[in-house]
Every structure is written in C-alpha cells, then in structure tokens.
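Pasting the structures here.
Here come two complexes built around chain A, the first alongside chain B, the second alongside chain C.
For the complex of A and B:
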C-alpha cells in the first residue's frame, strides 16, 4: 500500500516536470550536445552533406588570429567592466542607503539604465561619441581645446568606448543587490563600532565590506557571465570594428554563423565559449563558498 | 570627528552622489532633449528652444513601429504566460514531491543559469529551421519558456509555504492541483510579480536572438525594428533616431517611473533568493 502511494507521488512529480523539461532539453541541453557533435563535422552546403572531419575545425580555430583577438578582447572587456562597475555599485548603494537629500531621485538615476534596452542605449551613446559634433568632443574641445577624436573608429579606443557604455548600464543593476545586503546588516554592529571611536572608513573596511562579501561574489559571477553575453550594443556602436578591435566572442560567433554562414565553425567557437563557462562554474564551485546566497 | 568635519564630510558625500546621479541620467536627458526639439538644437542647448513632437511623427511614419510594438507585446505575453505555467508546475514538483532523479534534474535546471539559450543560437536556429518556425514570433519565445531562473525562484518560494497548510487542504479532499492553485500560487504572488517584471523587461529589451530568427516586419520586435531603422545611413536625423529610441523604451520607462518602488524591490527579491 505504502509503495503504491510512493509510486503515485513519483509519477505526479514527473508529470509536473515534464512540460518544462521538454523545453529545457529541446533548447538548452540537446543543443549543447549537438554543438559539440557538429564541431567535428564540416558545414553542410546545398546538396553537400556535412561530413566528419575530426579536429579540423579546432585546428582552424587555434590558427585563427581573429579567435585569439576576440578572446583577448573579451578578457579586457571583463577586466574593464567588472571591477569598475562593482566598485561603483558599492559606492552607489552606500550613498542611497543613507539619508540623502533627494534620495529617491538619485536612486532612480542610478537604476534607470537597467530598464533601457541595450540597443536603444547604444543609439544614444553613438551620438556622444560622434567625432567633432558629439558631446564628448564638445566637452573636451571647450574645456581643453582637444581636437575631434573618433573614439569608435580608432582600434585603440573602440573597446574602451564599449566598456564605458557597459559600466554605465550595469552598475545600477548591481547596486540593487548591495542595497538589499546593506539593509540586512544589523545597525547595532555599526553603532558599537562608532562608540569604540571607529571612523567611517574603518567601519566600511572592517564591518560593512566583509559582510558584503557574499553579495560581491554573487555579483561577480553574474558580471562574468554578462561579460560573455552582452554584445547588443556592439551591433550599433562599432559592429565589431575597426578590424575586430571591439568584437567579443559571442559577437564573433554570430558573425561566423549568421553572416558567413559557417555553422560548423560557429559551433566550434560555441564549444570554446561553453568550455570557458564551465571552467568558470568549476572554479566557482571550488573557490567560493557555495552556501553564499543560495540556501 | 569634530562638528565641522562631519558636516563637510556629509556635504561632500551628498555632492558626489548628486554629480554621479546627474552623469548617470545625462544620456537619457540628452535623448529626451533632442527628441522634443527641432534638429537644429541637436547639439545646442538653449533653455527656450522651441518644443516639438515632429520627430516622433517622422519616426512613426518612417518605419512600421505600430507593428513592431504589437509583435513585442505578443512576444512578451507569450513568454510570460508560458513561463508562469511551466515554471509553476516544475517548481511545485521540486518543492513538494519526492521522486527518483529529483536532484539530478534540478541540477540540469540550474545549468541553464549558466548556459543561456542565447549562447546556443547556432544550434537553436537549426532547430527552428527543422520545426519550420524561422521568422515567427513563437520561434523567438520558445527557447525562453522553460526558464531555469523562474523554476529556481518559485521553488524557493514554494518551500517557504508551511507544510501544514498543504496537508490540511489535502485532508479536506483537495487534489494536488487544487492545492497548488488555492494555497501555493496565492502565497507566492509577490514572487510572481517580481519575476514577471524582470522577465518582461528582459524580453522587451532582448535583441540578439530575435535579430537572428526574424527577418520580416510581421515578426520583428521593437529592438530589432529600431536597429533596422537606425542602421539606414541615408541621413536619418539624430533627433528622429532619438525619438524612435525613446519610443521603443518608452512603455518600459514609463512603467518603471510609475512603479519605481515595485521595480527596485522586484529586482532585489529576484536577486536575493
């Protein structure tokens, strides 16, 4: 009798899961596996079927200078966006958490970029960067008398220009998590420190910052995943140029698969991205306390 | 710290917070400025420049934005409805049922937090071609409907529902679906609101996958429509582009300004869980 009830519970559980699992497998797990399989085949063209070519695609990838370039760009992009946006997020949260003149306006200002589409944001920033006519050149021209600069057209500055837009877009989003964390810190800790005569900086360094550590880890993981994912604005701002100076890995995958229609090579590049992401997951598993934020 | 130093310290903090806030709204302010003024004032900021709605009219006439808005609206509704149904059922199973394979399946669900459908666009496009769905709105929606994030979030919420409530309802003869509908879902309302806001704003803003899988006016969402519109180099004026930009983000922006508190709390709630 008892066994029968258990069976029924099993079946109910499986049935409840079924619809979600069908979609999850169809669009996440199976594609992930076929991506790996397809990376060992050639791209089918017209009547010509895909044929097994072993590691040829991988050899091509290793020899592809553009692949290494976008990988390098991605690293710079991550290093440029993550520390700055996380630091800004902490500062923003500290400010907004205190009694501040016009606090709701300030909080709104910080958070607004989060709700705007990245593609629309790029349109606005494109104008800021316009040589001569744009806001940046107008400011630097009037203040310092600098000549017109083509930030997006110069290989040395294009990626940095993209980084600036990304930091602007992300900082307010991360601020929210810090704000939530700050509100859960007991006030008496801070008061006790104040009685002991600790200054603001000491309180931050010794009490607030360590207590924010779980949030920082959570935000950093998010930020790293985002650094592989956020490419929308590149389409509008630089289209990966000049000479791939601002192309990121996901953008390059798009280009290879949907502009040059080399789907097999696109799959190979996707495998590289999947490997990077799993390395990330594994390091998170080993280095970080997994109880952080998840119960 | 002496009184004066404290005062100065406070002042500097408020000042810096405001400077940063002003820098942060500057892009949006600028977009509003150009969109509501004639093209001649694109880079000239005069307090009494004449206001106009002409840029919006021009943008609206130049591209089928009405259709794009309809597409986005259908898309967002479809995704949200699908997510609510599938994620609720799956979350209920994970929260309150014992069955073999539960932990493995849950790990597979969580895997989607890392490997998002966008990353697998090459294969997902092949799938859509196989299903003959390329260039349809369902093709944009399907990969996102079973959301690992949604399942996780709802499971966490369902687990906080007291078991006694569940058992009491069952003793009265309610089926498990009735219990879900009458006990769990009403208690999880704040989570649904939070998840709904996050999901709607995410998919309203989504670009890459819709760009790949659509290629006609009848299916394109506003983000892709906007990129097509502003990519025409044939001298579309900045003020018109910015009017279009504001238009596409307008509904979300207005919703955000009206429900600011709920938005911020929703994002917080979605992040903490």
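For the complex of A and C:
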C-alpha cells in the first residue's frame, strides 16, 4: 500500500515537472548537446553530407586570427563596460536615493535607456556619432572647433564608441537593483555611525558598500553575461567593422553561422563561448561569494 | 521588425484563407526583400494582386522577408526545414551559394519554346552575367541597380567649375575635388570633394574602381578570385590616396547610409551611390544636382547589383510553370516600367525603355537614363562560391587599407590567400 502511494506521488511529481522539463530540454539542453555534437562534424552543404572530422573545427578555431581578435575585443569590451556601468549605477542610485527635487523624474530619466529597444537607440546613436553633422561633432565643433571625427569608422575608436553606448544602456538597469538594495539598509546603522562621528565616505565604505555586496555580485554576474550577450547595436553601428575592430564573439558566431552558413564552425565557436561563460560563472560564485556579506 | 512581423502575420492569415477559398488553384509562395526607401513593398504587392486578379488559376502569396540578408537567411532556413518558397528575389551574387546548398533549379527546363528563348535574350547582358553559370540560367533580373556619381551643381559653380560637366576620368575627379574641397581657417574641412562610402559592403563601390582600371575580381565559374592583381592594388591605392594623399575625401570608413544626407547637407560635393537612391535624391536635394557615369581610368565601368528571381527546389511541375509565367509577366515592359519609376531600379530589359510610360518619365527626368547607358560598360558584381564569406574577407582587407592598418598590397595579398583556401575545393 505504502509503495503504491509512493509511486503515485512520484508520478504526480514528474507530471508536475513535465511542462517545465519539456521546455528546458527543447530549448536549452538538446540544442546545447546538438551544438557540441555538430562541432565535430563538417558543415553539410546541399550536395555534401556532414562527415565526422574530429577536432578539425577546433584546430581551425585556434588558427583563426579573427577568433582571437574578437575574443580580445570581447575582453576589452567587458573591461570597459562592467566596472564603469557598475560604478555609475552605484553613484546614480545613491544620488536618486537622497531627498531631492523631482526625484522620480530623475529616476525615470536614468531608467529610460533600459526600456528602449537596443536596435532603436543604436540608430539614434548612429546619428550622434555621424562625422560632420552628428550631435557630438556639432558640439565639439562649436565649442572647441574640433575637426569632424569619424568615431565609428576608425579602428582605434570604433570599439570604444560601442562601449559608451553599452554603458549608457546598462547603468540605469543596474541602478534599479542598487536602489532597491539601498532602501533595505536600515537607517539606524547610518545614524549610529554618525553619532560615532563617521563621515559620509566612511559610512559608504564601511557600511553601505559591504551591505550592497550581494547586489554587486548579482549585478556583476549579469554584467559579465551581458558583455557576451549584447551585440544588437553592433549590427546597426558598425557591422563589426572596420576590419573586425568592433566585432565581439557572439557577433562573429552569428556572422559565421547565418551569413557565411558555416554552421559547423559556428557550433564550434558557440562551444567556446559556452565554456568561457560557464568558467566565468563558476569562478564568480566560488571566489566572489566568500567576500559577500549576507545578512 | 514589428512591421515585418505584422506583415508576415497578415500574409499568413491571408494565405490560410486563400488556400481554403480556392483549393483548385496553384499556390505560390514568393519571398521578396526591400533594400531601398520608397514604395517598394507596396508596389510589389500591387503588381502581385493585379496578376492574381487577371489569373484566377493561381494564388500568389507575396511575403515581405526583410533585407536581402534576412531574405536569403529565411529562404535557406525554410528550405532546410522542408518548406521552401517556390519563388524568391535574392541577391544575384548569392547564386553560387544557393547552387552549393542545392536549393534552386535552373529556369531552362521551363523555357523551352523559341518564344521563351527570345524572351531570355531580351535582358541586358550585364545583368545576365550574375544570373547564368555552366550554361544554365538560375536567375531572372528584377530589382537591379548600379552605382553612379551624383554631383552638386551649386557647389561646382561656387568652385568655378562648369556645373554641367562631371569628372570623366580619375585624374579629373581628383582635380575637381581639390577645387571643391573647402577648409576653414583651422584646416577643418567644411566641404569634401567626393565621398565613396565604405561601410558594410565596401567591395561594391570599390569594384567600380577595379573595373575602371581593367581588373576582374573573380572568374565566371565563381571559384577563383584575383584580389592581388596589380590593377586591383592600384585601384585600392587610388581610393586610399583620395583621403591621405590628395585630402579630398573624409578619412576612415565612410558610412553608406549617411551618404545621401551628407550630400544634401553640402558636406560633400560629389558622391558615389546606388541608382536605387535616385528618387530619394530627387525628392530631397535642396540644390540642382547631376548624375553621371563613374569616371574612367583605362575604361568606363561599374558593377551591377541588386536582386534576381530564383526558382526553388521542391515545388511541383505545375507550380514551377506558374512561377515562370508570373516572372515573365512582372518583368514585362508595362509592369517593369511601373517598378522602375517607383524605386529607381534599372529596368532590366531594353524594351521597357521603349514604352510610352518610360519615355515620358525619362523626358521629365533625364538622370534616369544614365544608369541605363552605363550598363554597356557594367560587369558582373563580385560573386563566388561561399560568397558572403569570400566578400567578407575582401571587405575586411579593404577596410584595413582604408583605415591605414595595412598597405593596399599586403591587405589584398592576405585576402587572396584566404579566399584561395576557401575556394580550392570548388575547382
């Protein structure tokens, strides 16, 4: 009797899990496994079937200068976007957490970039960056008399121009998390510190910032993922150019798989991205986690 | 994005209704891209509706599929999923890719009568170069274009040049541009002489320079490129020199999309761009402008561009016959004239230019004829097997040279070596 009940509970349990499992497998696990399998085969073309080629795709990837270039670009992109957007988010959150005139308006203004679709804002930024009659050139031209600057058409500045757009887009989103976290910090801690004679900076460094650490961890994980994930604006702003100066890993994967139709090599690059992301996520949770102060 | 989704949703609903309504008629699905402003999508829809109204035995579902890039991606994905369209307009240069993917069939099997064969010969030969290979016709020219030079007559007058004469040679383009380039006291350029955009797909306009210098970029079989030919190197050096040596063009990569705007704003006195922008410039230029053929070095020359009709595999004999009939109808003079006037694309058949509609249009707007006259000197657009990848490599090389990261010769030598590696298996 007990065995039967146990079995029935067991079936109910699995049935309840089933809808979620179907989606998890259909959209996450099966594609991931297929991707890994495909990376060991050649790209099937209409006239030629895919054949097993072992590690050839991986050898090609290691010898591919564009792969290393986009990986390097991605590193710069991460270094350029994560610290700046997180720092900006904290500053903005502290600022709009104070009592100030038109607080909700400022909060809304900071949050607006998050709400706008990236493709749409990229088109606006494209106008900002346009040499000659773009917004930036009109400002720098009138104020300082600078000559027209081709921000997006110069390999030295193209990636930085993209980083600026990304920071602008992301900082407001992270601000919301910090704002929520700030409001959950009890005021009496701050008051106690003030009685002890601590200045604003000490309060921030010794109390506020440590208490924000769980949020910082969460935001950092998100920022790292985003630095590999946000490529929409590249299609509009530079299309990866000039000479791949502003291409990122995911952009390159799209290009290889859906422009060049080299699906097998695209799968190989995807595996590289997957490994990279899992390593980052694991190390973040293992090393960073120890320093995080949970209540 | 929203618009295309909406259109697709509408099209899908319309399809399910129409399939139900006339089970006896032949159903055709037809993908088309839109790459220029104006009324392209509406015009295709109108023409298709008109044809269906005249021919109750056929149903055509015209699906707007986004840009050229989106359209080829959708067609390939749909075919792999076992649900190919019967007909699609795709870049003429994607022919080898589609053959390689084994997705298209030649038109020849359905063009058997003498009348059909004469019809096939009625297209401009320059457009057929990208449409035929191995003695078979895989593409029928439809929305085809070619680059031309636009010049600002007011700026020419200000610079003391004859406003009705465009530069005819490379040297003239430099000497005119030197007079046209205006700099303020601090040395900042307020008006450049010429603008040859180089973002996205720099190979297309660059190919104009290469052809003018007597070079060919790829063979007709699509399995060999000649990127490091000294004539190509010389053409690239000229393009680079326009900004570095002569100082008459803005340095760095120049945005394609902002080019007409820069021309309207007086940022540049001349620009190279597609004839597909003709209607746009006509409507928006605040000054008198002229349109001319690209200047020559050893010969006149320009690449062709734009899209062809392709027949997809997997359709029934009946569907293919109906599709070919539709293609013949939509490229016929009256329909083709309507299409050319609405968009600025070059009508692909000489007989279209003989219609009263086109004659009236050309009499009113002479620049429309420049593109047609240039066809005599036009050559096939760069097209190879694995086309997107090979042109991608070439684009990177051009960008590296334009931004001064590599010299012209090294960049092109490297690109040629890369392309050879890819194309070796197709020889």
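As a working rule, the second predicted complex is superposed on the first by the 288 of 295 C-alpha atoms of A that agree within 3 Å, B and C clash if a C-alpha of one lies under 4 Å from a C-alpha of the other, contacts with A are read in each partner's own complex, and residues count from 1 in each chain.
We adopt the following convention: a residue touches a chain if its C-beta (ideal position, glycine included) is under 8 Å from a C-beta of that chain, and two chains touch if they have at least 3 such contacts.
Since the model is a prediction, treat every value here as computed from it, not as a measurement.
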Item to complete: State whether A:77 touches chain B only (first), chain C only (second), both chains, or neither.
Response: neither
Discussion item. Quick check on the superposed pair: does A:9 touch chain B, chain C, both, or neither? Answer first, second, both or neither.
Written reply: first
Item to complete: Tell me which partner A:147 touches in the superposition: chain B (first), chain C (second), both or neither.
Response: second
Worksheet entry | Contacts of A:241 with chain B and chain C, given as first, second, both or neither | second
Worksheet item: Should A:155 be classified as contacting the first partner (chain B), the second (chain C), both, or neither?
Response: second
Worksheet entry | First, second, both or neither for A:119, with chain B first and chain C second | both
Item to complete: Kindly classify A:133 by the partners it touches after superposition: chain B alone (first), chain C alone (second), both, or neither?
Response: both
Discussion item. I want to verify the contact counts: of chain B and chain C, which reaches more residues of chain A?
Written reply: B
Discussion item. For A:40 in the superposed arrangement: first (chain B), second (chain C), both or neither?
Written reply: neither
Item to complete: Once the structures are superposed on A, label A:258 by its partner contacts, choosing first (chain B), second (chain C), both or neither.
Response: both
Discussion item. Identify the residues of chain A that lie in both the chain B contact region and the chain C contact region.
Written reply: 119, 133, 258
Worksheet, complete the sentence: So, in the complex, the side of chain C touching chain A is made of residues 1, 69, 73, 76, 97, 99-103, 186-189, 198-200, 250-255, 257-258, 261-262, 265, 267, 386, 388-389, 392, 395-397, 399-400, 402-403, 405
Worksheet entry | Of all residues in chain A, those that touch chain B in their complex | 6, 9-14, 16-17, 19-24, 26-29, 31-32, 34-35, 38, 88, 91-92, 95-96, 98, 100-102, 104-121, 123-125, 127-128, 133-135, 138, 168, 172-173, 176-177, 179-180, 199-200, 218, 225, 228-229, 231-232, 235-236, 250, 253-254, 257-258, 263, 266-267, 270, 273-274, 277-278, 280-281, 293, 295
Discussion item. If we count contacts the way the header does, which residues on chain A are in touch with chain C in the complex?
Written reply: 45-47, 119, 126, 130-133, 141, 145-148, 150, 152-155, 238-239, 241-245, 255, 258-262
Fill in: Residue numbers on chain B that touch chain A, as the complex places them
1, 9, 13-14, 16-18, 20-22, 24-25, 27-28, 30-31, 34, 43, 85-87, 89-90, 92-94, 97-100, 102, 105, 108-109, 111-112, 114-127, 142-143, 145-146, 148, 151, 156, 176, 201, 204-205, 207-208, 211-212, 222-223, 226-227, 230-231, 238, 241-242, 245-246, 248-249, 252-253, 256-257, 260, 263-264, 267-268, 271-272
